[in-house]
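Labels A, B, C and D are assigned to the chains in the order they are written; within every chain, residues are numbered from 1.
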Amino acid sequence: MTDKPAIELVGIDKKFGAVHANKDINLTVAKGTIHGIIGENGAGKSTLMSIIYGFYHADSGEIRVNGSPVAIRDSQAAIAAGIGMVHQHFMLVDNFTVLENIMLGAEGGMLLARGVASARAELKRLETEYGLEVDPDTLIEELPVGLQQRVEILKAMYRGAEILILDEPTGVLTPAEADHLFRILKVLRDQGKTIILITHKLREIMAITDTVSVMRRGEMVATRKTAETTVEELAELMVGRRVLLRVQKGEANPGAAVLSVRNLTVKDNRGVTMVDNVSFDVRAGEIVGIAGVAGNGQSELLEAIAGIRKPVSGEILLDGQTIDKADPAWLRELGLAHIPEDRHHMGLVLKFEEYENSVLGYHRRPGYSRGPLLDLEAIRKDAMEKIEKYDIRPPNPRLKTANFSGGNQQKIVVAREIERDPKMLIIGQPTRGVDIGAIEFIHRRIIEMRDAGKAILLVSVELDEIRALSDRILVMFAGHVVGEKTPDAGEQTLGLMMAGIAA
Amino acid sequence: MDYYEIFISILASTIRLSIPLIFTALAGLFSERAGIFDIGLEGKMLGSAFAAACIAYLTDSAWLGLGAGIVCSVALSLVHGFASITNRGNQIVSGVAINFFIAGITIVLGQAWFGQGGRTPQLSPEARFAPIILPGADAAHDIPIIGPIYANVISGNNILTYLAFLAVPFSWWVLYRTRFGLRMRAVGENPGAVDTAGISVAWLRYRAVMCAGILCGFSGTYLAIAQSAAFIKDMSAGKGYIALAALVFAKWKPVPVMFACLLFGFLDALANFMQGKQVPLIGEVPVQVFQALPYILTCVLLAGFIGVAIPPKAGGVPYTKER
Amino acid sequence: MSTASVPLPNWINYGLIPLLNLVVAFLISGFVVWLIGESPLDALSLLIEGSLGNGEFIGLTLFYATSFIFTGLSVAVAIHAGLFNIGSEGQAYVGGLGCALIALSLDKYVPWYVTMPVAVVGAALFGAIAAFIPAWLQAKRGSHIVITTIMFNYIIASLMNYLLVHVLIVPGKMAPETRTFLEGGQLPKLTWLMEIFGTKLGAAPLNVSFIIALVMCYVVWLLIWRTKLGFEMRTLGVSPTAASYAGIPYVRIVMIAMMLSGALAGMMALNPVMGASARLQVGFVSGAGFVGIAVSLMGRNHPLGIIFAAILFGILYQGGDWISFEMPNITREMILVIQGLVILFAGALEYMFRPAIVRLYQQFKRA
Amino acid sequence: ADVKPALVYGTGGKFDKSFNEAAYNGAEKFKAETGIAYRDFEPTGDTQGEQAIRNFASRGFNPVVAVSFAWTSAIEKVAAEFPDTKFIIVDSVVDKPNVRSVVYKEEEGSYLVGVLAGMASKTGKVGFVGGMDIPLIRKFECGYEQGARAAKANVEVFQNMTGTTGAAWNDPVRGGELTKNQIDQGADVIYAAAGATGLGVLQTAADNKKLSIGVDSNQNHLHPGSVLTSMVKRVDLAVYNAYTDTKNDKFTSGVQALGVKEDGVGAAIDDNNKSLITPEMQAAVDKAKADIIAGTIKVHDYTSDNACPK
């Protein structure tokens, strides 16, 4: 029996202004399979899935569900066609309960009272059937991300989804949680549901999918049976050339401690303790990596060290001097540079011209200003030098920063922070959303900094990146540093630590 | 006049002065809970007061006046919606624009049509909402303590007053017990969640601002044809802003909104009452102090003595999927 | 396809689109005029005749524009720091107190050119003080500046009222206003300026504060785009998180920006108080602070744009007076109507025509 | 002589049923009698008056009448600029050779209505709601209080002012609220001297079945049976006289103070309120009027010493 494919995409094309996110995409997903989609950041995976889900509209192209073309005007239509989606950024209302979130859009009547009881019953059924336990009356904001994701899956199941799209579901999960998720997905598949799974972790693709498609720069470049391909082939398809999966670096030569963190406790904006009594050192000439699942306090830790967030208690010492003021400008004076996790909201002002961003945070420095005035000529000359040195394209300091691509934007930040020759560099997610060429370049610069005797603290949710760059690895879980390892520690070991299971 | 009578008098005055605030603040509640800031409450109130007065004057019917007030206010809401929902414009700017437009157009049209310096002609009794004397009010007068309250505070108000107090639990019920309310609260917190649940964000928000329009229509109508007997230029006199402050003060919840509005109404009543009177120890306090009091109090309250008031998270931010 | 991020050339962004928005605002205003039963074309010609028809009218137009430049700059400076200051109205009112106190105390002793600089400082200082509390509430307590500045407009109105009715009023006079300043407290008129252009200023109160306003435009331009402070304000205005990352002190910048904004609003008082009526009157600001919002939006928060927008609004105000005088059916509040429409179309609906224009532009480029 | 009359109203609007309407009636009467048209202008804000006055003067209008003290400084200025034009200011004094200032002895008229109020009150409590808190309005209040006391020695007089800016003339809501307060405190006759705000006072009194007293124009017809009387102030005369005097070359500058004697102020009694006025009340008013004219009653003028005798 040849079943009709669950999903068929024909000639899907989508532009966001000047960005061509999807170029003439064709894709066939067979019913009852797990179909993986991989691709670098910005390849257009989420866009494509959002088009299937009716969140975006394709500029042209056709979507067929179970063989017949459907016009998916909005998510309502997608839901009606049996499509469910778990978004990369969760679509939950934080101050609603789990139940309210699940009912939203499927309330079962004008009044809530009637729907509530049946929703509870249905939830119970789903829970027992798939092992998706979650208390329906807790508020979303009180749930850990793993459970929030479960709510998203429940939402889709509650609406009777036959086709389930998961957009990078494991980015926020520990390896163990990811395994649990995969078990659920397999149960779903065995019951005849179709699953599209987006990820850029090749290991996961190999472990769970039946088929895999590769996207690159908006194009669908290949589709393979998982059993018939290899990690190396997929990597090459993804990037478009052969890649070295390891960074070249020599032995570290650590000196005296530059940064010392003592019993640091930090709370987030809601007053929740995110960093709990953490202590560690970073010495000159070494890279200390902080591994952990997103949301375990790494961001708050970085912000506290960078002076953006005031710690509740504890002490931070830079070169033996206590940093007791949360004042990033002053810390820069002391030689602390910071490449933030989020370049769009922190590292750059996207509306500014490139040269303005090339001095952001350093604009008060003597070379850049005269009295109260900025020395625009000096700033632009300086920006041009960095552009050349870092091969930032296009080489135009007067261009609006928003018009640079993600990798080049990241280079603007990296150039600015590294070129002031700091003694301490803290880095969050150095290569998020950056193409592979830029990744190699940025990694090289980081290693060079280390070899020049700088102290470097690196936070990344990409375990591979942490292992490739770090000389020592600290693992964070639930605000604590649960252990320290060397980079040759196995992925398994680190994964368990990230889940808070082993130390 | 004994203290109890003074108290009754101020209480009755408080109620009368709170009604437009309650309607307006509830209007703001619907709009802002759905994520649309509404500085234009002031203008909507003024516009509907004008429309209500004109139509009530022409038709000699208070109810038609109310209808006109609502239509006008809803129309303005739609303009605000068109700017801030469809065109993703700045919500504050749009609100400010509406306030200017209405402040001008009411006087321009009023003067052109009636020639009374922007006022509309005095209304006949049929064109107004008259006080309703509840059964037994006259008899109750002499019962100690509760008698005067029944006769002077509870009885003797017009229908809109009672509607305002009904609107409070009704709003609560809509917000927390209906599908529309659930979706509306959701869209003010995370429009993405609503969108991916297959609900149109724009239409939902349009419905919310229309609710705001309807409620504002009531408040304007109250001003023009229940509390007074004509439209007078600028008769909203900043009440829209006070209502907005009450909304913040009440942390965007219906029942607290009512109490906040009663508080501001009380301050106003007190200001009227205290005028020219001697305050023990201080002597005669200049009226300006009382006139400024609600505004000062608002600032004091906003300064955080009410705890942090967290507005709906998506408030003021136009919903854009595509950059 | 979304058109929002398609770049357009400057002449479209800063020329065509605002012009289009303005035209629509005027068309609707014309409709209102027609509704009243007057001819929109006649009204338009009266508007132009009444505002630019002779030296005196031009003088009046520029007199109004002077006030609007100050308040427009005031709003713009705050907007660049991400703050929507609706309190320029009240800040200008208090600024009037500042310069009136200076004028009242100096006018007997010194000539105007000595009084003026002191009065400029006085007006700016008082305006800045008026902005201080809302700024502090925003910076330290997180109270929304839009609401607090509106509240302060009312509070200030009550305060000024009290002062004028009970303290500054001339005993025995009915009107709550100060005594008339002597020569030493009056700003001279710009008769010579008009003479350069071969016309007569007549009774129009155009005075040296017009020059001060132009100077302030340059100062503001310098501040916003050429100084470290301006850079920090703009950073905060566009991206508060980037500002905190860059170590730009939020509290300090909010306070400074708001107080500068208040100071500029305060300086507006020089024009009506010392330049025109030579006394401090109740409610002398009469909406100029709010016009500043429209002017700033129209002028895209740039001093040059603000000058043009202020003159446009000067034309509206002076011409509007003339219309209301010549067409008794149309009251002066027609100005508010137009102002509201301009704010709506140039501000909240500024991008309404953009998608259509982008499409046209792309077709045109392809062709 | 040639007249090209012009009229600038106060900010309440032409048809305010009160002060401005009285001025309008004066101008209309002149027009009806002579067939000479006039131009008028209704400023809606305080800053507009000066320009209107100047516009009229510069276009050769003569005389220019400005009703309302709000135009005092405007007249001062413009009169100096146009020495050949004749200006008339009502309710204020401007000392210029080409300006006639018409003021009224409002205290006398208010005394008369005060007498009626005192006699009509059953509770022995009467009220007064003023517009903007200025000495002029205190003058109304003071005369009223004296009259009420003359009628009933131990009468209690409540008084409130609506506000302290021009907006106080245009705030019937607050006017009504203040009235309600006074009624709650026992007042059963309330005198409004508050421009358009007074409409709210009269309305509230009518709604609560109490008596009210109108001002400036005869407002008895607004709520027949509820408006006890009106303190008419003959602003129409000031306008009418200004025009006819100029026409007949009899224009005089300086101050004209119009009191009961000159028929400039008085208590209106007509068909609308006849039923409210008993013969005794009628007699008392007539007597008070005669006494004032004869000088046997001297009504204290608040503005003379900024104080009201208690």
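Things to note:
Convention: a residue touches a chain if its C-beta (ideal position, glycine included) is under 8 Å from a C-beta of that chain, and two chains touch if they have at least 3 such contacts.
The chain lineup, named per UniProt: A = ABC transporter ATP-binding protein; B, C = ABC transporter permease.
Predicted model, so just to flag it, every value in this text is computed and none were measured.
If you take chain B and chain C together, the chains in touch with both are A, D. Rounded to whole angstrom units, the spacing between the C-alpha centres of chain A and chain D is 77. Centres computed as Cα averages put chain A at a distance of 46 Å from chain C. Between the CA-based centres of chain A and chain B the separation comes to 46 Å, rounded to the whole angstrom.
In whole angstrom, the spacing between the mean C-alpha positions of chain B and chain D is 35.
Contact of a single residue of chain C with at least two other chains is seen at positions 2, 4-5, 161-162, 165, 331, 333.
Taken residue by residue, chain D touches two or more other chains at 42, 44, 133, 164, whereas all remaining positions touch fewer.
Among the residues of chain A, those touching two or more other chains are numbered 16-17. Interfaces, counted as pairs of touching chains, are A-B, A-C, B-C, B-D, C-D.
Against chain C, the residues of chain B that register as touching in their complex are 39, 79, 82-84, 87-94, 96-105, 107-109, 111-112, 118, 238, 241, 244-245, 248, 286, 288-289, 291-292, 295-296, 298-299, 302-304, 308, 320, 322-323.
Taken together, the chain D residues at the contact with chain B in this complex read 11-17, 20, 42, 44, 133, 159-161, 163-164, 167, 170-174, 176-178, 180-181, 184-186, 196, 199-200, 203, 207, 222.
Here chain A touches chain C in the complex through residues 14-19, 59, 306-308, 327-332, 338, 340, 342, 345-352, 356, 360-361, 363-364, 369, 372-374, 376, 402-403, going by the rule given at the top. Listing the residues of chain B that touch chain A in their complex gives 176-183, 185-186, 189-190, 192-200, 313, 321-323. By the touch rule above, chain C contacts chain B in their complex via residues 2, 4-5, 32, 35-37, 84, 86, 133-134, 137, 141-144, 146-148, 150-152, 154-155, 158-159, 161-162, 165-166, 290, 293-294, 297, 329-331, 333-341, 343-344, 347-352.
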